[in-house]
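So, here's a batch of structures to check.
You will see two complexes here that share chain A, one where it goes with chain B and one where it goes with chain C.
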Partner chain A sequence: MNTIGSRTIMKGSLEKVTGAAKYTDDIKVKNPLYIKLLRSPHAFAKIVSINLDRVIALEGVKCVVTGADFKNTFGVLPISKDEPALARDVVRYVGEPVVAVAAETIGLAKRALDLIDIKYIEKRAHLNPSHSLRKSEDRIHPELPNRENNLHKHVEQSFGDLENGFENSDTIVSSEFTFPSVTHAFTEPHCTVVEISGDKELKIYSATQVPHYVHRAVSEVLEVPMHKVRVIKPYLGGGFGGKSDPFPHEMVAAKVALLTGRNTKITFSREEVFFSHHGRHPSKIKMKLGVSKDDGLKSLEGNILIDGGAYGSFGVVTSYYNGVLLQGPYNLPNFSFNCDRVYTNKPMCGAMRGHGGVNPRFAMEVLLDEACTNLGVDPCEFRLGHFLKPYSLTPNEFRITSVSVNSGLKKAMAKSKWSEKYGKLPFGKGIGVGCGFFISGSNLPIHWNQMPQSSVRLTIDFDGGVTLYSGASDIGQGSDTMLAMMASEVLGLPMDMIKVVSADTRLCPIDLGSYSSRVTFMAGNAARNAAIRVRKILAKAAYEMLELKAPKEKDANVDIDFFKQGQNPPKYDSPYLGANPKIDDGLTFSDQKISEAQAGESVDYIDVVRRALDFGGALNVQGVYSSPKLGGTFKGAGAGLSPAYSMSVFISEVDVNPSTGAVKVEKVTCFHDCGVALNPLAVEGQLEGSIHMGLGQALMERIEHTEGAVQNASFLNYKIPSAFEMPEIELIYDGEAEVEGPFGAKEVGEGALAPFIPSIANAVYDAVGVRVRQLPMSADVILSALREKEGKK
Partner chain B sequence: MVGKAAGNWRFKDKVLNDLVEVVTLNINSVSYSRAVSSLMTLSHFIREECDLTGTKIGCDRGECGCCSVLVDGKPILACLVLAKFVQDAEITTIEGISVDGQLTPIQESMVENGAIQCGFCTPSMVLNATHLLNTHKAPSKNQIKKCVSGTICRCTGYTKIEKAIEKVVEGRE
Partner chain C sequence: MMNHSKTKLFMPGNFEEMTSTVKYLEKKGEKFQFIAGGSDVVPRMKDSKKNQGHMVSLKFLKKTSSITIKEDEIHLGSFLSLDQIASDSALKEACPIIGKVASMVGSPQIRNQATLGGNILVDNRCVFFNQSVFNKDFHHNCFKDGGSQCILVKGAKANDAISCRARSVSDLTPALLVLDAKLVVKSIRGERTISAREFFKEDGIAKNNLETDEVLISVIIPRLHKSVHYKKLTVRKTLDFPSLGVALAKNEQGFEVAVCGIFSMPMYFNFVFAGGKSLSSSMEESIKNVTSAAPVFKQDFFPPKYRKEMLGVYIKELFER
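Here is the complex of A and B:
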């Protein structure tokens, strides 16, 4: 079969293009109560009293809940469950939900909010992340022990001999970089619909990337057993990390349903989406890089401060990712970083496409470009030969498997005509390069356990149709399509014979969700394994029908001896059902026929299915993926571990108007090593989408706060690129097959965003000779840098 | 307290707080007469009164473009128009685009060219492109960009949507 590698139409496209697809807000449940949230007007204040008398008296208001109705707090990470469903005693950011009103109509719920009387005593808000490190008598989270300030998490790691590396460098460059807050800006606002049954079972439809974590959180916060909760993700209008936490409104909608026995619904306004945020952490990064002309990168030191906002979210992971994702794609023998995540009285930050790796990547690539300028070397030529070796270990013990970035950079140089352009374009025109490195799923689960990271169930009944059940969330990236392609390829069936039931915690076996670029690698491997298992059953039946002898079955667990080529192999003792078990049953499954080459005979797939069903009934198998045991034993060794890493190269060409400072990205050449591109249509879509989002962060996106309040909580004032800003795009994605990826694939959804941004900054330097050390590179920033440069002359 | 039927409540809410009018709209060649608030916007009329949920609301204030519908063949933002003001017009939503269940060329092209990821902007993109293709035999690249720039898409970077429109134009030649 040739499904893998073909431009495969996305499942669900037909429903989406005709308007039939039901998103959460489109789901009708019987007679719901509509919920509205009253949000805090203050960044930091004590709640003195909440008077609900007038609102309860209002006819049509059925239920009002406050923080007192929820005992447990929650958070996506078990180590920072610090968020209440509704504020208790204190509010920590402008927009924090304080009271929820459930009424018979949306209009009534809205009007009811005006009748709530809350008395606050305002406190001095912590808004500046640097100040949050100072000793404070009035901390944002006083419950955190052993603290005198608003530090949430401090992480540090050090490998090799930093000083020695700097001593052996030919040039040392260092600088400070600042990054504002940016947000996901998906088009579908958050929405949750709860349907409650007579026996108080909750069916929660929610616009979420992580039904599994919502399932856990609702059960914990509401103190109801998990089997009484079912979470379903309908069609989802974009996530990018912004829907990868459990949210207060999900807890509230479920709570109101339990209290009233009524169905409930809550939909955010666009403004509320901005208040909820969970976007990229604003950061200040001090970085120092030592480079040797012959040996490449010698030492890198990073001091990083990230502004977490009011609650934890994914922040602990973000803190680590700010450092550890710099361990690739180059050889970097000596490396040290520390990162402080602080609480401030602003909407919380969390995971956003390229999680934690984007801002430090900008700093590193800009410094590397500066070092190349100092050394008088071509930044592309210099990078060649200094990339990580395939099948090696980094100093912090990341297992590196396939690496295609060296040849990828050469291809990108050729396509972009780099050598003819770099340093040779007229003033105002420039070309620049940046490279990146990202995980294909986190090797460690958030909730520590020995379960597989993904399980996929596969059934075939008498009609021959295949149904896959997976907890993975298709959030528009096409994961349902990817899962079906796995089965299509293994079983030789057309795509329309394979149906996918996904993201329903009642029907589907566990999958941790769509984040950290894990789905293709992990759920994909699980689906492939499930298909291989069912193929074994079918192969046996086929041999019986053909009256041929089946070859002796080999062990399905594939050897992972590829690692032994590395220098310092860690112990492997995990007998997980092998990633990429080979298919060696001596048969060909293609076009709904199963054939044996030597005898030259074949049987119809459907007949084989019926034969296989004869004694046991419908075929039910499960495939799983468990990541291998990886990594060192030092503190934080698990952070950034992944079974495989993607790497990318961006070469950007810009036009800078010296009189206005406006930057236009004219062309971008991107090489992304996603291993085998399973579905080029989806791969291109992810890369183009990353370019769009990266362009926004590079040139225009920025959340503005005044006294902690978001000032530009609308698409009118938070500008994202339109079709007119998009550059001409050249994509190359022909990396070598990844040994452990499903059919050789690695991630493609996130890694490409980070290196694009510094490639623009480096092109700006080539164009007009100014180094940009802050984002966005808006016209005013470039213009003042140009004026400063003129002044110096 | 036992909850009253939703229909009653909705009506009561309207009577108490807004002027209620009977609004009759012709949507996808079907006539819908509903007693609604005189301030009800077209987008809410379409979604709530007619249950045509293909029209998406991303911001409800004229910024994202996702609620575009065709009014007498021209794309407008349904969140910025009161339902009662378009009673004489022919309104087409995404559900009324395909003829006899057959996809139109632009719908087919968007599916085939991977112009759809999360799909939330898709109905608006289809309607805007339909208008462009109906009014221009061979739209320029700039006209195509202008056509898609009225709707926010955060997934695709617009490239594949533009390509889908270009392919339809190519198919005409």
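Here is the complex of A and C:
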């Protein structure tokens, strides 16, 4: 291998550290109008009237738009397009955009907001998610049929024989868990810049994870054909799921540009990012787990309530993920869950790193630890015997391919000296374990279609340089680098010969965006496939130049199969190789040379390129990825389906101060099965990032509301951990190659976050003997649990 | 956010120029406030709809702000940055607690900018006052922001003896109280020296005895050779204001303690243990005196009950150091 597996510096790193990188806010367009949003001061109110006379009269104000200017609502999921670009008739949360003012300067736009006179009739806000299940005469979304309450979505699934499983369990543990809302806390606030051409074509620069969804939504909401809209994502300062929906401000900026013919710009303040939110759903989880000492996990039952806030966002998916992501990494024959996602009058929740799987994972891993305590077994040793088997099928018909978690746990146990520590540390010191399971991209697209999930175009011209075109968004995770590595490896070229043009809906083929940990797996496979296709052209030219006969291709149709595999169900008991064509052209592409070993001859890459260009001109190929046909036929069978799953192990060591309750995570040993680590530098970055983010949710992060208003909408008051709080980290990521992943890779961006948090809770139990059933595990929570325990003595 | 385009920054070169600037502004009836490092004043200005007035910079004090260690006193210029105080080796030798506490304030960037004077005079903070204009509009403004209500203490009145419970968050003050520091303030009318123990007021708006035209120019710490310890409760080891700060010095008769972060003023106590009582009952009694000195409100990450409990835990821990 040339590039794969080497510590490869991210493309764009130099630009980022020197400040040369242009983020959306840095994009300069000629003479833009600056847009500011007037936001709702009420959690729930009827808009009686909007008087714009004074603001329109203000010199320098060029356009004012309200909800009446937008006919269509939108939403990331076609089944819940419930969000207006600007509130119409009713406001549903404090901070909801109501009026947009576009003016010649930012200051003027800000001052103009004070001149808008809106009369509201306040309504009784729905703030308690449990109450949202009660009948209401004044619903948040009265347009939704067949319900009398504020339910958004109810999902339920059941597999196996739950009761029988509980009957055959040696211990049954159950509890109720509560989780507050947490947010992504990405560095770059939302920003959109729109450049409009003379013929009213829109070029939209936006801080988005999915240019494709913005493209669709703008077209639908503004009723502009898609070919007149171009969406570009410049450098992006973090997403974590918080930039994967289309947003009101994107609709507004495009609308104002259309109405005025002027370029527009809108940038959020940090406070507005908190209003926009789309973070992790607060939830209440009742969970019951039955465990047999010999057979492992027998039955799991979950009753889950998630607080969606005012609009749908990804909520339907979140509802399913709260249950289905518990189907791994353990064998779990009997499993049932139901989840209610309710509306409340708060900023909406959506997708956030570990989407839907984080809170239920906490509940399950804490209960499993408790069950192990009841059974008197070591929680690591116990887990070892009960992981999913490779190339198997779960009760809910997830196809499991590579599994390395068993050996991974053993390695983590050895590295952390688990056996010397568990149950043996002095009071106040503890060690705990948690395991996780996550998708490598969703098998089903949000907008149902038969297109490949990812397409990557590759061109080579006279200079020999390779350009990859991909719709995938590099949101800081390094997907541009990963794509380039694919081509670099296949073609034996240095990284600086591979340029990536990405996240531009005009120049790049469709990619479904950067979320659900799909990019490396799907866009990576597409890029590799494109590189293999161009290699075939180069191989032919090379053989001609070497005057050698090319070997007969073993499977000439593998390429075609790759295209069509979406239509074919794979076998469940053996690897499915169709996704990952082998390179068997008999040549070696390395160091810009193409050589044939038997004859011992080689030609320069650049000469081969020029030969291949003869008569045809620049080389243009496209590689695609379609996932195999997977899953059952029951309702919701598509939720959580993925071509491959990552699994992880966390062993955390904590110090708990019994007199203050303060928890310090001192050391973390993490095994994450990402298959082959394509770029160890990126893998380590993702794992360390997951640990930082998980630590925040574990110990300190929570959004605080007072009467529906976000009360800590700043980084002083919304506490994300500093470098001081970070533990010592030991990372292990040497899982076996995933047969369907590009060069054997699986996801690493999200899955590691969830199991870290319960490993801390389980370590707290080992340290001081208290079970934590709520987050964050702040010092006051731990202390009151300790007091309660002392009281019981 | 307020439009501050009419706010002017005055940069007097010395005390005389400052007094004439102040005279000029007073004569014109213009509001003004002093600004040193700006780490407290500027965010407040940004989060205010009310005009905070013009800014009169105290940067001229930088020239004369130094650390002077005498036999019986330490003089600290008010414009010393917290970083200068934290990193001065002579001060570390003469009175280690001051540098230590200074190193615990904010973050490195804030300590480079923030001054000693600014930390002593840092505005009291409340979850409803230190908010964006949008949030304050939502709750309707509180007394401290010129409104007609207290959002934190329902039913509080403007003419109550203590109308605002915004909490004092100066990390350095508890140590200065225990050390019996003196504050030298200066205005057009002249110079005066006030005991730090008599400087603060138990109200989140009035805060202290400094007149609007007075400037804190230096701090005098008597060299009493007390061993003072400080402990601070925060969620994170950096950035956060103290949810609770406790400075304590043990002596032969009992101990002196001062606290910040929990009440609407920094409070100082001197406990002399009565003979015949056990140490633990004297401690319990002292802790009870401190925790019941003033009510604690829900205006911090940590709930009031926890902060009160930690006050006792910290006192005991510092006493035993």
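Note that the second predicted complex is superposed on the first by the 769 of 793 C-alpha atoms of A that agree within 3 Å, B and C clash if a C-alpha of one lies under 4 Å from a C-alpha of the other, contacts with A are read in each partner's own complex, and residues count from 1 in each chain.
Throughout what follows, contacts are C-beta pairs under 8 Å (C-beta built on N, C-alpha and C of every residue); 3 or more make two chains touch, one makes a residue touch a chain.
Because the structure is a prediction, the values reported are computed rather than measured.
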item	value
First (chain B), second (chain C), both or neither touched by A:Ser659	second
Contacts of A:Thr18 with chain B and chain C, given as first, second, both or neither	first
Which superposed partner A:His692 touches (first chain B, second chain C, both, neither)	first
First (chain B), second (chain C), both or neither touched by A:Leu151	neither
Touching partner for A:Met700 - first (chain B), second (chain C), both, neither	second
Which of chain B and chain C A:Pro41 touches, first, second, both or neither	second
Larger contact residue set on chain A - chain B or chain C	B
Chain B versus chain C as contact partner of A:Thr105, first or second or both or neither	first
Chain B versus chain C as contact partner of A:Ser722, first or second or both or neither	both
Partner chain in contact with A:Ala709 - chain B first, chain C second, else both or neither	second
Residues on chain A lying within both footprints (that of chain B and that of chain C)	107, 111, 269, 714, 716, 722-724
Partner chain A, residues of chain B touching it in the complex	1, 3-6, 9-10, 12-13, 17, 47, 51-61, 63-64, 66, 93-95, 97-98, 103, 107, 110-114, 116-123, 126, 145-146, 148-149, 152-162
Touching residues (chain side chain C, partner chain A) in the complex	1, 3, 5, 127, 131-132, 134-135, 137-139, 235-240, 301-303, 305-306, 309-310, 313, 317
List of chain A residues in touch with chain C within their complex	39, 41, 94-95, 107, 110-111, 269, 271, 659-661, 700, 706-707, 709-711, 713-714, 716-717, 719, 721-725, 778-780, 783-784
Residues on chain A engaged by chain B in the complex (per definition of touch)	7, 9-10, 12-23, 25-26, 28, 31-33, 60, 62, 104-105, 107-108, 111, 184-189, 235-238, 240, 260, 262, 269-270, 475-478, 681-682, 684-685, 688-689, 691-693, 714-716, 720, 722-724, 726, 729
